[in-house]
Amino acid sequence: MIIRLQSEDFDPEREAQMLDVKGAGARVSFVGTVRDSARDRTITALEIEHYPQMTRAELARIGAAAQSRHNLQEVLIIHRHGRLACHERIVLVTVWSAHRAEAFAGCQAIVDALKTRAPFWKKEISPEGALWVPGQTPQDLG
Amino acid sequence: MIIRLQSEDFDPEREAQMLDVKGAGARVSFVGTVRDSARDRTITALEIEHYPQMTRAELARIGAAAQSRHNLQEVLIIHRHGRLACHERIVLVTVWSAHRAEAFAGCQAIVDALKTRAPFWKKEISPEGALWVPGQTPQDLG
Amino acid sequence: MITVRCFAAVREILGWDTRELAPTDAPRRASDVLSALAGPRAADLPKPLLVAINCEHASLASLVRDGDEVAFFPPVSGG
Amino acid sequence: MITVRCFAAVREILGWDTRELAPTDAPRRASDVLSALAGPRAADLPKPLLVAINCEHASLASLVRDGDEVAFFPPVSGG
């Protein structure tokens, strides 16, 4: 399992190739990018704050839980922080499995968990001003 | 929507970049590769036969159905045919959507439909001989 | 004419991939077309047998018209 | 000592990101730690307020011990 937190951009295919997973059969990837509008406002940039030590620990827990539950051969998570312009990549989640159903379920479980458990906070920068993106409140934290 | 049938390999990221979809927010990709074993046999290669005119038409129908049902901004399907060595890429399905749940559902719907509706047949080549991969029989064809 | 095509194990069992069949006055179903060309070998074909008419999924009971392309093949395994 | 950290809107409202708090003899919950440092401003904080202790999700009712790092932040939005 590879977990990376960084401010720089990444090449999704190159990162996946570097893991060199053989014989998995199915690979599912999610790439999230900065949208150019949200809540009826034009977005020019996104500022992503995070809690570095906890982010690393929480992503490792999220990845490990999905890996065992969905029978994944390998998991790659790269999440950026800092200021990102619109259309830039924010996050990559790639998983490998023998079968497609497990790969889809495992990748989606990780992306869903990022939204509710990973300590990132996003501020949308628009010509009208900056606004924190409302986070999701899961029922089962703690 | 881009549908491609080819014998050559492809670079998943390069193909996705060429479509240059902006502001989608979520992109989900599936890459299927030739496994090195199946049904307790070592697989050295896969021979993929298809029905070219129908394949093209059926992939376009599958892509269009997922695009409208799951609100996808763009759909890319590349499927190879001919003889592929083990670990080679077979298929790429990439979809773009404003939201992650639609992107996951749309990509999975296309991959599932490929399995049951797209006229491809696979022959697994192993040291013990060649064997047709049993296809799936959907209830709703025709 | 009706163009008949076979794929994968169906092609291997019947020993050909494309045939032409003269149309008849009476309407024919895909199953009639298969019987006319496969003869006794029809019994050896994989089950279920899938059918397409003019590149769309159909069934053995579907009617085949002059000018149609009808295809017979085993369950598919794309992706 | 107990290390207390705040993030995002919580940090902006309280005006600091890290504080140290001397431990007490009586056990304290995360909510007590917050009251000790936020004072009346605790009422302005976003609800729900999330809590982590030693980099794991916890709750306002969780006990905080000497040497712990406790963090307060709004609901997250990763991915």
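The chains carry the letters A, B, C and D, assigned in the order they are written, with residues numbered from 1 in each.
Throughout what follows, contacts are C-beta pairs under 8 Å (C-beta built on N, C-alpha and C of every residue); 3 or more make two chains touch, one makes a residue touch a chain.
From a predicted model like this one, the values you see are computed outputs, not experimental measurements.
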{"item": "Chain whose Cα centroid lies at the greatest distance from that of chain B", "value": "D"}
{"item": "Centroid spacing, where centroids are CA-atom means, of chain A and chain B in whole angstrom", "value": "24"}
{"item": "Where chain A and chain C are represented by their mean Cα positions, the distance between them in whole Å", "value": "48"}
{"item": "Residues of chain B engaged with two or more neighbouring chains", "value": "32, 100, 111"}
{"item": "In chain D, residues with contacts to at least two other chains", "value": "79"}
{"item": "Pairs of chains found to touch, sorted by chain label", "value": "A-B, A-D, B-C"}
{"item": "Chain A residues touching chain D - in the complex, by the definition given at the top", "value": "32, 49-51, 53-55, 57-58, 79, 90-91, 93, 111, 114-123, 132-137, 141-142"}
{"item": "Parts of chain D lying in touch with chain A, wherever the complex brings them together", "value": "5, 7-9, 48, 50-52, 55-59, 62, 71, 73-79"}
{"item": "Residue numbers on chain A that touch chain B, as the complex places them", "value": "11-14, 22-33, 35-37, 86-87, 98, 100, 103-104, 107-108, 111"}
